[in-house]
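First chain A sits with chain B, and in the next complex the same chain sits with chain C.
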Partner chain A sequence: MSTIASSAPRPGVGSRSARPFGLIVTGIERLTPLLPLAWLGVFFVAPLGFTVVYAFANSTFGGVQLAFTFTNFQQALSGFYLHIFLHTLVFAAMGTAGALIVGMPLAYVLGRKAGRYRTVLAVAVLIPFWTSFLLRTLSWETLLAAGGPVQAVLNFLGLHSGSLGWIDTNKAVAIGLVYGYLPLMVVPLFVSFDRIPAEVLEASKDLGANRIKTFLHVTLPIARPGVFTAILLTFVPMTGEFVIPALLGGDKGVLMGGLIYNQYLGAANYPLGSAMAVLVMLVIGVVLIAFSRLTRGFDQIGVAA
Partner chain B sequence: MTTITGTGSAPAQAPTPALAESPDASTAAPAVRLRNITKHYGEVVALNDISLEVGVGEFLSILGPSGSGKTTTMRMIGGFEQPDTGTVEIAGQNVGHLPPYRRDVNTVFQSYALFPHMTVLDNVAYGLRMKGVGKKQRHGQAAEMLELVQLAGHAGRHPGQLSGGMKQRVALARALVNRPSVLLLDEPLGALDRKLREEMQIELRRIQSTVGVTFVYVTHDQEEALSMSDRVVVMRSGEIEQIGTTGDVYDHPATLWVSDFVGGSSHVAGRITSAGQTFGFETDVARIEACWASPGLGVGDHAVAVVRPEHIGLATTPEEATAANKVTVTVEEILNMGSQAKIVARTPGGTEFVASVTRTRLDAAVRPGAQVTMFFKPLAVRIYASEPSTVNQRQPEVAPQ
Partner chain C sequence: MSTLPLAGGRISRLRASKLSRRFNAIDTGLWLITVCVFIFLLAPIVTVVIFAFNKGVLGKQTATFTGFTTHWFAAVWADPTLHHSLAVSVKVAVPMALISVIVGTTAGLAVVRHPWKPMRLTLEALMYYLLVVPEIVLGISLLIFFTRTNFTLGYMTLIAGHSPFPIAVVALIVRSRVVALDATLEDAAADLGARSWRSLLDVILPQLLPAIITGLIMSFTFSFDDLIISEMLATPTVSTLPVYIFGETHSGVAPNVYAIATMMLAVTLIGFALVGIVSRIFARAGAQEVSLSSAVAGQHGGP
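== the complex of A and B ==
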């Protein structure tokens, strides 16, 4: 950017007309910033625009007739569809909470207590994240199946007796969600905990706070932007999750992602599917705005003071 | 080597003013007592049999280069490190088993370690809050502390909005708000520029005499240690080299290393030829007369004679030129130090002499390349057993640990 500013009015370098190439170069330089905008337009705004336009259109089942009607939204917010919509939000919230409960201690140990095992443990968290999401989810089908390992363990511990009927229920979906999104939860938390200078926590103990008080009054507040970033990173994709409910939830575990998929590829009702997608996006938008203040300062953790 | 100098030898304190809660005049226990502390990190010996007492209300500096164990010693007192062997006592009580939050000791950390998410006032009030003091009361006391460190107008700011010097003061107020019996300061002025540092040195002394709290001050800066403390502990490679008053440490360094680390000096190797009221010392340069030699040194021993720069003069009068100790040297460099000038010169044999001279007394004849006669009194010469490692450690590393 600074090159643009400096290349234009520089006295004594030569008049502009004498430098035709300079003009071209200047022109390219000026247009360069537009390139990302063009990419953004083609790959993000345009598909989004179609979705929004479709949401207000009439369906011809297999085709779309452009219009401006709210019937799709009315349909999406009534009966079974409304139920699934709300159910999805509750599920995403619960799944996020579950991932937070599991991920917080994990990230804390990784960031502050693991010492020289830190890297090994961090890699152990991340490696599953890099392998196929589909495979990992499918493996839970085996684990949770009746007569599978989870059943054996639960029976052994006396926490459950007999056959485990969790597959194709909400339970399996919840477990799958928490598991699948754990890395997304752990990484920002880990980074936040890791960045807090040791001396700051020592200062807290020095001033009379034990471990728990130090965690509540110093560690957690300093890590706050990281905590909310982690929540956001987990919650947002969970609202659109499609694979986990499809594989582990069966008919009872359908979430919004599956519903939209069905409208597009099953019922061929593009406008209704689009309206559902717009509703999900609206919720995400609201959450993003609500969290924007809480996630601010993530890059500043461990920098100031 | 002086190992333990009792509290009795601590110089007279500034009278403990009313702010101090309980003048421990009746209790004989020192504020801090370390007994035979040893600490290993794997193979590395961080502290080797450290014993030390700090008197109530005393300002004690622990001085040493990086890796000398000064910070580890301080962290033992604070409770951040546990000794392998030995005991830590605070006000007569063995605290070896207590975590930092149960010790009546507070710390000013090198990096200040302020809580970035709290206002200045809440930072300072934190210690009281952890004690369970009510909001109104703790804010009142915190505000008093901010006044003490002259930051009354900044209570509502966040640490990120403060300058380094201000953060320093907040850290100090925060550590003092609980009225600890001992305040530990870990190179607190290391990050400040020179002028601010000098201001803060005076400020710290003022605050210490106001609150009457025992200060244990860790630094690698010998000037700082000498100008602020009642007593100085000089540490080197996990051991205590000397404990003494600032005057003691500077004027009567116990070892060659201390003499070098504190103040710097010129060295001449040679052999002791006579001993008695004074010592005769034969060197390649000249025969030197000295008034002091390390205990244990005798006639025939090879040793090192040491003279501080300010004790070396340039002979200008015939009288000075006939002084007991004189050397003829060639000036190599003249370093302008403000009111003083440092003259670095060398004998034909290569021995370096450094003299510190008032600049107004320098004449034009003294310039690089010129031959001059330097002289010094026998009283200024101290003879030490030579030490092979000294040469490498002459310039202590100043980087903070």
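== the complex of A and C ==
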């Protein structure tokens, strides 16, 4: 249905402009962008602009001297910082892949198979969404701890023996990332699977395709904008994730978000932190442009809500 | 597809029965994965509730259950810092949700309806960027901005700082609703002499109401749950609940944290139930309105 919805002309636009009242009606619509542009200009665009300016400034022991230098970028792209930057991108890609693998079957079952259990299952997926992200992440600290519940289950199943040393390692961060972003992954996927008309899949079946063929050649291509939206919504915020590595990663699991945070509330090297933030924004901008055609305007989010 | 044999009728039933064994294998696999994923999703929440009643050792949370106690709930209840940060969270989240709904709704309208295409595209691009900018980046930017422009950090800066992301969410929800608006209703309103602002108030906004209420709840939740921007903009006196909780976790999990989480979960579930009831009432009222207005517009049956 997404193709129909996005390619259809906007209802009302044609009929209104054809009427003598058209000018009066559009009058108020001309003014609607003023409020969001003004508000977001002050509290979103301007602050990001300040960060960009800071990224080129000199750091003076907790202070900032405005200048035009690339030393912050050089520092952010060398040694340990570069390593963490690349490590973060790899981790975000892996976390996204993990969430996709775990989320795809769930979204498919929810959208196409759940039948009368649909509402119950959808609420169960959304309950984590409505409870504190911080506290849910914290809970993994107990779950994954040595002697904790996960260790007990793994030992019982014979998948692991002895004490579980996953806390404060990359493993715990990876589990936390997949867990934390799973609802974000599932919702757009669910909406796009759900919107596929049953007749289309039936036609594929009548033409002799089996389940797997139908999924690969019919379901997945129709759901493609939703899949890309889900990937984008998961990957991009992961590159700046702070809470999960801070709680589950310890010293070994630091990601870019933690580095930026430390430059601000720890080392007080604001220009370096700003340069790191600008680098993250650049990566996101590139990914966003690359995905802009593929996602069809995040249509699924509005519909899901 | 379980629905397919039903929809397909007799023709496909024969083939379906031939392949049914393989179909069932796929279905069983899918459901098995689903069950596992649900355990994965819900295990942390169950853990939080169970360990909220854990005695722990020497005032620390432990990974194994050492004994049942309700002590932590009493401790949380008697904690004045917690009361204060909870009050701050509510005082920030309520006005913030109202502002994001107002700004987000106008943005959602403009992104579909503004006659000038570059304006629509600009707004759209802004929404996407808002949605994906990491909070840490926005958090430090707001901190630089407010300190450089000599804003005093406090309630106002926290409210303004929380607002960008919820505005984008509200705008997207409203947009999907605006796209689906029934144009004949506005035509009818104009034919009956309604001016543009009348049409907006009496015809468009009522149709957007479900989207606006959803946006309101989501905005409130975001603000209430936000840690990173709050952590950046918090002051010793104006500090939200997540900031307090995060501070408590610096040396391992403090046991009272799970008790807080359990209470918040209970409140959320009660809220869920209330929203369910309210939306049911709304749905009933809305259905009547639609049938009435579609009668005015000369439609039969309605959408």
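The working rule: the second predicted complex is superposed on the first by the 263 of 305 C-alpha atoms of A that agree within 3 Å, B and C clash if a C-alpha of one lies under 4 Å from a C-alpha of the other, contacts with A are read in each partner's own complex, and residues count from 1 in each chain.
Note that in this section a residue touches a chain if its C-beta (ideal position, glycine included) is under 8 Å from a C-beta of that chain, and two chains touch if they have at least 3 such contacts.
Values in this document were obtained by computation on a predicted structure and should not be read as measured data.
K.L.:
Please name the chain, chain B or chain C, that touches the greater number of residues in chain A.
P.N.:
C
K.L.:
Quick check on the superposed pair: does A:158 touch chain B, chain C, both, or neither? Answer first, second, both or neither.
P.N.:
In the superposition, A:158 touches no partner, neither chain B nor chain C.
K.L.:
Which partner does A:79 contact after superposing on A: first (chain B), second (chain C), both, neither?
P.N.:
Neither partner.
K.L.:
Report for A:206: first if it touches chain B alone, second if chain C alone, otherwise both or neither.
P.N.:
In the superposition, A:206 touches chain B and chain C alike.
K.L.:
What is the contact status of A:264 with respect to chain B (first) and chain C (second): first, second, both, or neither?
P.N.:
A:264 sits against chain C, while chain B stays out of touch.
K.L.:
Looking at A:222 after the superposition, I want to know if it touches chain B, chain C, both of them or none. Which is it: first, second, both, neither?
P.N.:
first
K.L.:
Show me the chain A residues, by the header's touch rule, that chain B contacts in one structure and chain C contacts in the other.
P.N.:
Touching chain B in the first complex and chain C in the second, residues 199, 202, 205-206, 210, 305 of chain A appear in both lists.
K.L.:
Please give the residue numbers of chain C that touch chain A in the complex, ascending.
P.N.:
Residue list for chain C touching chain A: 1-4, 7-8, 11-12, 15, 19, 22-23, 26-27, 30-31, 33-34, 37-38, 40-45, 47-48, 51, 61, 63-64, 99, 102-104, 106-107, 109-110, 112-116, 119, 123-124, 126-138, 140-145, 148, 160-161, 163-164, 167, 169, 171-177, 179-183, 186-187, 190, 195-197, 199-200, 211, 214-215, 218, 221, 225, 227-228, 231-232, 242, 245-246, 249, 252-253, 257-258, 260-261, 264-265, 268-269, 272.
K.L.:
Going by the contact rule set out above, which residues of chain B touch chain A in the complex?
P.N.:
Against chain A, the touching part of chain B is residues 78, 80, 99-101, 105-107, 109-117, 126-127, 129-131, 158-160, 167, 174-175, 178.
K.L.:
Which residues, counting only chain A, touch chain C once they are in their complex?
P.N.:
Listed in rising order, the residues are 5, 10-13, 15-16, 19, 21, 24-30, 32-33, 35-37, 39-40, 42-48, 50-51, 54, 102-103, 105-106, 108-109, 112-113, 115, 121, 123-125, 127-128, 130-143, 145-149, 151, 179, 182-183, 198-199, 201-202, 205-206, 210-212, 232-233, 236-237, 239-243, 247, 257, 260-261, 264-265, 270, 273-274, 277, 280-281, 284-285, 288, 292, 297-299, 301-303, 305.
K.L.:
In the complex formed with chain B, which residues of chain A make contact?
P.N.:
197, 199-200, 202-210, 213, 217-218, 221-222, 224, 300, 304-305
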